[in-house]
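Two complexes follow with chain A in common, the first pairing it with chain B and the second with chain C.
Right after this comes the complex of A and B.
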């Protein structure tokens, strides 16, 4: 079996070797047999479905994002089972709305902020155990098996996109394993993407009629997102850091 | 020159009392850890904005001081100062004790301390944290070997010097690694600076020597042993130079930041906004931890008394703690600048100055680390021939000018 070439040593191959095959099988079995009990995933099994030819990304049109709309946040919360519980300082927030006002011109805008799924993610660089990792298709995840809860990735993330689980969690979703004492963030709804669907936030944004969020393969020149990026100006946040986010913004 | 005789310390009632107090603090830290692990970090003052809190201030202070506490031994073995040789064993022991105390705090604050074995077996070598795991473990081995060759019979001085040099190089690497934890954080305006590594090295020289003098100055009278005033004076003079060097590196760090418009807001926040970090900087770090002890130790250095040197050491430790609190907590309290030139608001404290109030559990954990270091050092001097019977001024090289 020939493994695909890796661009970055933190990336994981998409094809299964024997060890990963068994790990994957065991994980699927544990999810099936005892949901909610042994769901500590996002290791080899999450990598196995990644296609090295793709780079998943998102384009957000800030002009279409309404200040009073929170649909993407609600959808993410429901899809992945995290919720605001009255403790804004410690509650997890995989995605949040940010309202902006230019200090000089007074221009106002609103946009969703989540893990930017960087090409060279600082969180992956600093993680001592390799729990923070990037799939070959560009999705940045946390392997809950080996996260030790040091929070160095939270210090390193330029976008404050990560949350630490500060207390016991109940009613977990089987597609989004979480654990007290570990770090988590937007998974780009990897379970949906691997099933050929779009992330929950994008779906809900479309459902509102705003259509501010577009999801797709940045590597496919014929994809809608690649065409939009080619034809209209866009930017990544903190482009000065050269981390090349997979989430792009336009009209900002 | 006196012949140096090393003897185990007899556990007097005063030493037993210290051991009981240290054990109480360690016990309290253990309970705090169990409480935090049971309930989660929700019971601490740390949150999603201030992700590293008081335990990290204690831990990094102890780790930085650990490498600095080895100075006295390095000066003896590597740089050949014979007056320091009788103190070299204690210097090595104290450095191991401080590192153990600091690491204990660090790992017990992890979200999943039960997974420590993962940190020991899975390494991501782009992470300075992973390198530090190796540097910290290696430090125990290298300094342990250094202690062994100093204490074993019939070991050639050349071997001692070689192992001492290895320990000296290792400690420089270790502190470089500790400073780079912050220096390599590219996204935060309070960090992302190459000067962090040398700054941490000079901080370790200062804090470590201050800790060494303080512990030596209290252990000796407690055990009825004599220490010469000129020896203490000389250690004090060196400490004064280190304190000035810390001020210098601090000044360069902030001046460089002030020069860059992009870091202006952060510098105004730390230096001029009048908040807790401004007070900690000017009063704690600069005045109490820098200017006052430097003046005490360097102005009329020939007349400095033992008491003044010990007091200056205490001030440097207080200032050092303020310094690290400012770096670690102050650096996180200032918001990330994701959208320059924009005012930002969100449910996740974007654009806000982040608040942090440590709880009793964080204090207990941090103090437990200090107590653990004291306990290990104490057990070491009771069980091993670490401390000399006296530290006479006659060990000072008579050909060297006094001041």
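Right after this comes the complex of A and C.
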């Protein structure tokens, strides 16, 4: 049977339009051969939201981050529905605050730490199933439908940014499905980003007035974040590893 | 021939029996929103394929305008408990659970996904005066945008 090669909705025959049972966006034509047996043809562009021209990133100004502020962590936990259970060995590691003290000078600093959304993510390199992946816009995620919970990625991540869900979970946030037996990490609030919003941590940080976190498209030379990165010195953590994090720090 | 007729009679007997009250055939709660254009028989047979197909579009491509999302399933098919709020799959009578128990098929979805509607939809249901059918439908339509 020859399948029609279709590029967009308007070219689709009426019969397929009526049976638009696969979100047909652009590219999927389907033909039902028998109940439960469906042929699909893929072609043309997908109408996806993740934009390959973008690279989402963050810039964190450590000078503006205060030691006693935890707003980003609280906001993340609220947004994504995770809770610390008081056991540091198994607690979720979506985002945490880290206090640093320079040994020689005694300078103290505090910063939020989360998945750095590496350009060449070691977690993706080691994942045996393809569950760890990087979206075309640079956001690194775990597809929990595929993750087998082997935790290789947790070992590979230089930033201890991932954690394993050890217990059954109920009443998850609809936008942040998470469950026992899979690995999770900061999603850069991908559900918000896809809706044109900024991550919850960044929003809460501005709300405190500290304004230590900036979110934006690193690839767009006119974005606030790209301008800041161009004009002021900043660093990626563990730059020696050359993973080129999407999260960068300044005044560290 | 006689055998065929008997078989047919038995089959008819079974199907009418199944439709009768007191049978083990699952009770299928009415959905809150508009019916599926594909028809219920199609959805019963294919909902898992539709969901699997569209979930990949969302998770990997960030496509949020998909037609079949589990968020929308659990909102539109919400079954209210005694407190007039949606019940979870842990409770008997949940839409998904009813059929899956009958078909003896384990649902894995709710290991990670919430079996109750998202907060915004629950807020709508809690609204006083109660949300109209149109408002509920508008919310459901908005979910796949």
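Criterion: the second predicted complex is superposed on the first by the 204 of 252 C-alpha atoms of A that agree within 3 Å, B and C clash if a C-alpha of one lies under 4 Å from a C-alpha of the other, contacts with A are read in each partner's own complex, and residues count from 1 in each chain.
The working rule: a contact is a pair of C-beta atoms (placed from the backbone, for glycine too) under 8 Å apart; a residue touches a chain by one contact, two chains touch by 3 or more.
What you see is a predicted model; the values in this text were computed from it and never measured.
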item: Which superposed partner A:87 touches (first chain B, second chain C, both, neither); value: first
item: Partner chain in contact with A:177 - chain B first, chain C second, else both or neither; value: second
item: Which superposed partner A:135 touches (first chain B, second chain C, both, neither); value: second
item: Which of chain B and chain C A:235 touches, first, second, both or neither; value: neither
item: Chain B versus chain C as contact partner of A:207, first or second or both or neither; value: neither
item: Contact residues common to both interfaces of chain A (with chain B and with chain C); value: 168, 179-182
item: Chain C-touching residues of chain A, taken from the complex the two chains share; value: 18-23, 25, 28, 35-36, 38, 46-50, 133, 135-137, 141, 143-145, 168-175, 177-182, 190-191, 194-195
item: Residues on chain B engaged by chain A in the complex (per definition of touch); value: 37, 39-42, 47-49, 51-52, 110-113, 115-116, 118-119, 122-124, 126-130, 133, 181, 184-188, 332, 336, 338-339, 341-350
item: Residues of chain A defined as touching chain B within the complex; value: 9-10, 84, 87-93, 96-104, 113, 122, 124-130, 146-152, 154-160, 163-168, 179-183, 237-238, 241
item: Partner chain A, residues of chain C touching it in the complex; value: 37-38, 42, 45-46, 49-50, 53-55, 57, 59-68, 71, 88, 90, 111-114, 116-119
